[in-house]
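Heads up, the next two complexes both have chain A, just with different partners, chain B and then chain C.
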Partner chain A sequence: MVDELCQGALSFHSQMRHDMIHAACSPPPITMTSYFVRRFLLIAPTFIGVTILVFVLTRLVPGGPIERMLQEAAMAGGDFTSATSGFDGHGGSTLSDEQIEELKVYYGFDKPVLVAYVEWLGKVLVLDLGTSTRYNDPVWDTIRDRFPISIFYGVATLILTYGVCIPLGIVKAIRHRTAFDNVSSALVFFGYAIPSYIVGIALLTAFAANLDWFPLGGFVSDNFDSLSAPGKAIDVLWHATLPLLAYMAGAFAVTTMLMKNSLMDNLAADYVRTAIAKGMDFRRAVFGHALRNSLIPIATSFGNIITLFLTGSFLIEKIFNIDGFGLLAFESLVERDYPVVMGALVLSSLLFLIGNILSDICVALVDPRVKFGSGESAQ
Partner chain B sequence: MAALLAVEELSVGFDTEEDLVNVLDRVSFDIEAGETLGLVGESGCGKSVTALAVMGLLPKPAGRIQGGDILFRGDSLLALPRERMRTIRGNRIAMIFQEPMTALNPVQRIGRQLAETFALHEPGLSSDAIRQRSLGLLEEVGIPAPDRRLDEYPHQLSGGMRQRVMIAMALAGRPDVLIADEPTTALDVTIQAQILELLRDLQRDTGMAIIFITHDLGVIAELCSRVVVMYAGRVAEQADIHPLFAHPLHPYTRGLLDSIPRLEGEPKTPLTTIPGTVPGIDDLPGGCRFVNRCPFAERRCEGEPPPLDALTAGHRVACYRWREIEADDARPHPA
Partner chain C sequence: MSRAERAGRNPPKGGTPTLPDASAAGVASPAESSWMPMLNPLTIKQLQRFRSIKRGYYSAIILAAALVLSLGAELVVNSRALVVHYQGDLIFPTYGDVIPGRMFGLDYDYETNYRELKRLFRERDEGDWVLMPPVPYDALENDLTPGTYPPDPPSFANSHYLGTDSTGRDVLARLVYGFRLAFGFAAILLACNYVIGITLGCAMGFWGGAFDLLFQRLIEILNNVPFLYVIMIVASIVVQNFWTLLAVMVMFGWTQMTWYMRTSTYKEKSREYVLAARAMGASSPRMVASHILPNTISVIVTFIPFSIAGAITTLTALDYLGFGLPPPTPSWGELLQQGTNHLESPWIVTSVVVAMVLVLLMVTYVGEAIREAFDPKKFTYYE
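And now, the complex of A and B:
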């Protein structure tokens, strides 16, 4: 859910970005710098909007840390009937009303929602994300523990996607409609059409359960600490092969086809013909002119790379038993561990918002035609 | 002496989904140094394909030369190995295009795109020398403040300025032949006049030959000394400028000339047009390709294609009935 909310913020922002690009030819004489300063200032209201929405939701939805605690107490007391009732203190609860009030004060549920939100925001501003109600650890530590896994999978998918998709897209564009192009398209779309968790389960069944080539799950082996440095690297890669394949199966299609179509557009462009008419050979015209320009659409998402700190698909992590960020975010929701929910939201929304601005900066750097909010039009 | 550039019986075909269709059928013309030859005809008549074939830029793999030859200073361009062709293309024979807005790379500075031409044909030129030469070229094509323009991007220039940059790039190698494919069609009339004047001045100064492709007979009249009228991939008529305008013999040429609005004509009368449109390349008539639009068409026009008859050494026409048309012309017209 955290991710989806941020995706919402993301699409809102990219919409705004496009509006800004299209508005670039209209009069107001604002410089690029002031445009980006304004974009950074807009982070604050957007961030407050996103967090306030989720904060209010956590108050409105049934369940919560107190109810969970009541359930646990009830389960421990053997009274299963009360496990499904609300936390109104009735129905044979094992906790007294005073104890429940104490818990409400402890978790901040005694205050009106906006007051509680402002208090929470005040703590966030001094970098205090609170304490997990599930683990009783600081939220920041809980999230930070997942960073190595997220960063590993984030960097690996990044390298593999760009390392495979860009060359593949280039070859497909140059050999458009050849057997190679058709077969690779079929494979890429086949991977795209199957949900990644199905790919994950299929791979796990085939190569871990039946063939026993790869481990059944986990990020590293139990004896990881006793391994040598190269042994550790091999161990991580050995564990990562199947999950990475599951992550990648669907990821190839978009970037590959974007690259292919973008390059084909540029190959057909007049300026490539001009370059060849100048006496340039086809190869140099492709790599010197068409390729660079066709990378522009891909650069538009480059800034969002900073969100790789939070890479992790709940389903794939669940299947491969990886204790990563996706699983943490999902389980914190199921378990009503609101401080972790909010902490994850703070991080992901900030990274998405900053990533969007970085993407815009990338676009402005690679494409001289883009003048965000600039009054200097083409004369 | 052989012509500077001669296109001889050139036939070009394009692969379509079904089969190979002929888009250029035995097209011949030649051009001498310092001469301006106009290639005129409606859209889709093969003007641009002719130009691309001369440049060796036919779209691959669809386009292919089916027959004939292109001779540059007596040597066949079609027989040249690819590396040799690259030393001619952009250097000895250069080309400018219809759309100055898209013909330049949008994300590279003007200076870099100009420098590229020098780097291709005169490797070893220092970057200082390249910059000096580029400045000289921009000045030559009438671009004010060339020093600043070199560091600008195409979108910062107007259409007319971009076409001047294209011309400067084409001139970089001091070409013997410049092919101008509708270079003024996308520009304002005033800018068009400036560009035509520029081309004329450049030709006077450099002595290059220009093949000027256009559908605008007005531009032809202003610039060219000889004209090739093309229709549906064939040469319909070929003549010096004055005989062509004074005594057009091919019904198609007559139709084109009649379609020009005239000052001395009756105001507010319908504009004369040629009925119908150019047939699609997959749907060409068997005999004369103009037969379905021709007011003079008769039985034999649907049989064998009419040969290119020579009326004089310079005036050729591909029509069975040109003698009758000429005789008709010679009669005094009722006013």
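And now, the complex of A and C:
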């Protein structure tokens, strides 16, 4: 789950990646392929570490699914029994001890933590994420139902971010220290300093609650099914405007400044100076030479695209009441629906780990100077 | 993971190490080896540069003033009176024990309601008086006006300058005490994270080898755990309070500083001056403490404002989701939650959003100014 609670996490990871990229020079180099194979193999221990930590924690929590069921049964049974049996300290526990035992076996709560974990892991390996205790559906189906919404927001945020940030960064670099640069810098700075959930709440208050221009939340209107096709599109966009602005606020600043700074570095580099000295016009020097090299830092985050449909932050989804993946993960935790909690964790951590490696491959592809891996053996 | 670095390139974020010649002078001049590191010419230059960045400098002054003011918040925002003049005596109830109503000739034993007392004295007109703080409410009391349901809109007549929240508590009072708490939390969190991060990061960078590899894996695992999940899980095991929340946040927060310190220690370790120290027979602790650390100090200082901003953001988000400090602790996140649940009472959400934006902007201004002061690298650009 990528959320802005870990603000800085992204830049943190790019820093780690940076260290690896700059790891290059010492002999003897091992091949890139074997480096990436090793990176992929290292996914396994990290993945086990992450899941075991959360798995053990979920076991420690009182009020797991069985307690919750007992409570519900007691509440439901209470209406029937209270008149006849009175209150006898056992509450209205309608389940016998045997039934409780059966439930524990059913959910695997009867075994020691590590045994249960190994069993759980075995099931995950054959792609069985278990059954949601809240919906009684397979976890995978529950998660898959949320994909369309999350993918919509993921793709839209991605397109908007790159579509706005790259041109803006270019213009800011070329027009450095002009009025346009200063004004947009103020905006960028604002987006950098203010977390996106605050932006979301502010937008919601101003434009949905006060001015009534946009809906208060949700993905589509209640009468969505009765709308015509263009009407449906407009309805989705109408609901998506504010959340997308909030998502944008988070990614906007970092990418724009990255673009601007790297283009400015390249514009000051000798090869651009040489090109201009040889009579090339400024426009071609920028777009033909400097820009290509300036896009390299942007590529460092490109592999994380595969986490696209999980990037929905549950803060923003909660604020705007969007039924995406983030909200599902949040609600499953509040409701102690641990199979879904673990399922979401499996998916997000796997995609995140793979995305990081893909990013490194992207970097290696666009920048032939980069050689990974030789430092590892230097340890 | 590998670490040799390409010469001349610096990490994208987080300050370059200080210039080798200047820092060598700062470390090695025995004449000023006294406890006056402030007189180090490099430090003076950095301070001057910081002061010359007006935006950051004034933000720092305003923030410092706000912090000092919030430390004495009991004198500004409080339901207890500052001074009570009663039958010729002056009484200062702000700090100290609860003064029961009977002290002032009232007919109850619980704490005096000074606002009532003030009204009463004025009616009697016997020369007694009460001086209330500018905001005569504290963060926890519910001031319910008969006939209306909270939240009440801002009103100068009632001294609720920013209105009340959904249980009738003064929004301004909760903002002020929430600010103090958030900054206190951020400061302690920062101290813990940095102590762990600097110690461990230096050790990892200096020793390298298996020790380094082990903690690298641990950091990788911790970075992939959805940290909010774990906080929420812990919140359901123990009754969350200030210290448990802090402990969990430290558990996941130490990795970042550790990583930066590891990288910069590793860089510094390969510099000639460390080699020289080693050749002169310096012990490992001495090399780390008196040679490497002073040269990584700019990394540490540069990160402080951003760590503070991050801690405040996270704490507020947790409170907003209901997994932060337990009620009725005054907190910005809790106000945000009330505000979004009562969008028809826009003063709640407006107050807290404006406060949050102002504070975070100022903290970030300070951070940018410090970064610029410590990292004199100016962008060369094509003219």
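Rule of thumb we're sticking to: the second predicted complex is superposed on the first by the 319 of 379 C-alpha atoms of A that agree within 3 Å, B and C clash if a C-alpha of one lies under 4 Å from a C-alpha of the other, contacts with A are read in each partner's own complex, and residues count from 1 in each chain.
Heads up, the rule we're going with is that a contact is a pair of C-beta atoms (placed from the backbone, for glycine too) under 8 Å apart; a residue touches a chain by one contact, two chains touch by 3 or more.
Just so we're clear, the structure is a prediction, and the values are computed from it rather than from any experiment.
Chemist: Based on the superposed arrangement, let me know which partner A:P368 touches: chain B (first), chain C (second), both, or neither?
Modeler: Touch status of A:P368: first partner only.
Chemist: With the two complexes superposed on chain A, say which partner A:T46 touches: chain B (first), chain C (second), both, or neither.
Modeler: Touch partner of A:T46: chain C, not chain B.
Chemist: After superposition on the shared chain, which partner residues are touched by A:H289: those of chain B (first), chain C (second), both, or neither?
Modeler: Touch partner of A:H289: chain B, not chain C.
Chemist: Which partner does A:L129 reach: the first (chain B), the second (chain C), both, or neither?
Modeler: neither
Chemist: Which of the two partners, first being chain B and second being chain C, lies in contact with A:I298: first, second, both, or neither?
Modeler: So A:I298 meets neither chain B nor chain C here.
Chemist: Give one of first, second, both or neither to describe whether A:T274 is in contact with chain B, with chain C, with both, or with none.
Modeler: Touch partner of A:T274: chain B, not chain C.
Chemist: Based on the A-chain superposition described above, do chain B and chain C contact any of the same residues on chain A, and if so which?
Modeler: Dual-contact residues (chain A): 273, 378-379.
Chemist: Along chain A, where are the residues that touch chain C in the complex?
Modeler: Against chain C, chain A makes touches at 1, 3-9, 11-16, 18-20, 22-26, 45-46, 49-50, 53-54, 57-58, 60-63, 173, 176, 189-190, 192-195, 197-198, 201-202, 204-205, 208-210, 216, 258, 261, 264-265, 267-268, 272-273, 297, 314-315, 318-319, 329-330, 333-334, 336, 341, 345, 348-349, 352-353, 372-376, 378-379.
Chemist: Applying the document's contact rule, which stretches of chain B touch chain A when the two form their complex?
Modeler: Spelled out, the residues of chain B in touch with chain A are 55, 57, 82, 86-91, 94-95, 97, 99, 102-108, 116-117, 120-121, 153, 155-158, 166, 169, 173.
Chemist: Looking at the complex, which residues from chain A come into contact with chain B?
Modeler: 269-271, 273-281, 288-289, 292-293, 296, 366-369, 378-379
Chemist: Can you check the complex and tell me which residues of chain C touch chain A?
Modeler: 1-6, 9, 11-14, 208-209, 212-213, 217, 220-221, 223-230, 232-234, 236-237, 256, 259-260, 263, 306, 309-310, 313-314, 317-318, 320-321, 336, 339-340, 343-344, 346, 349-350, 353, 356-357, 360-361, 363-364, 368, 379-382
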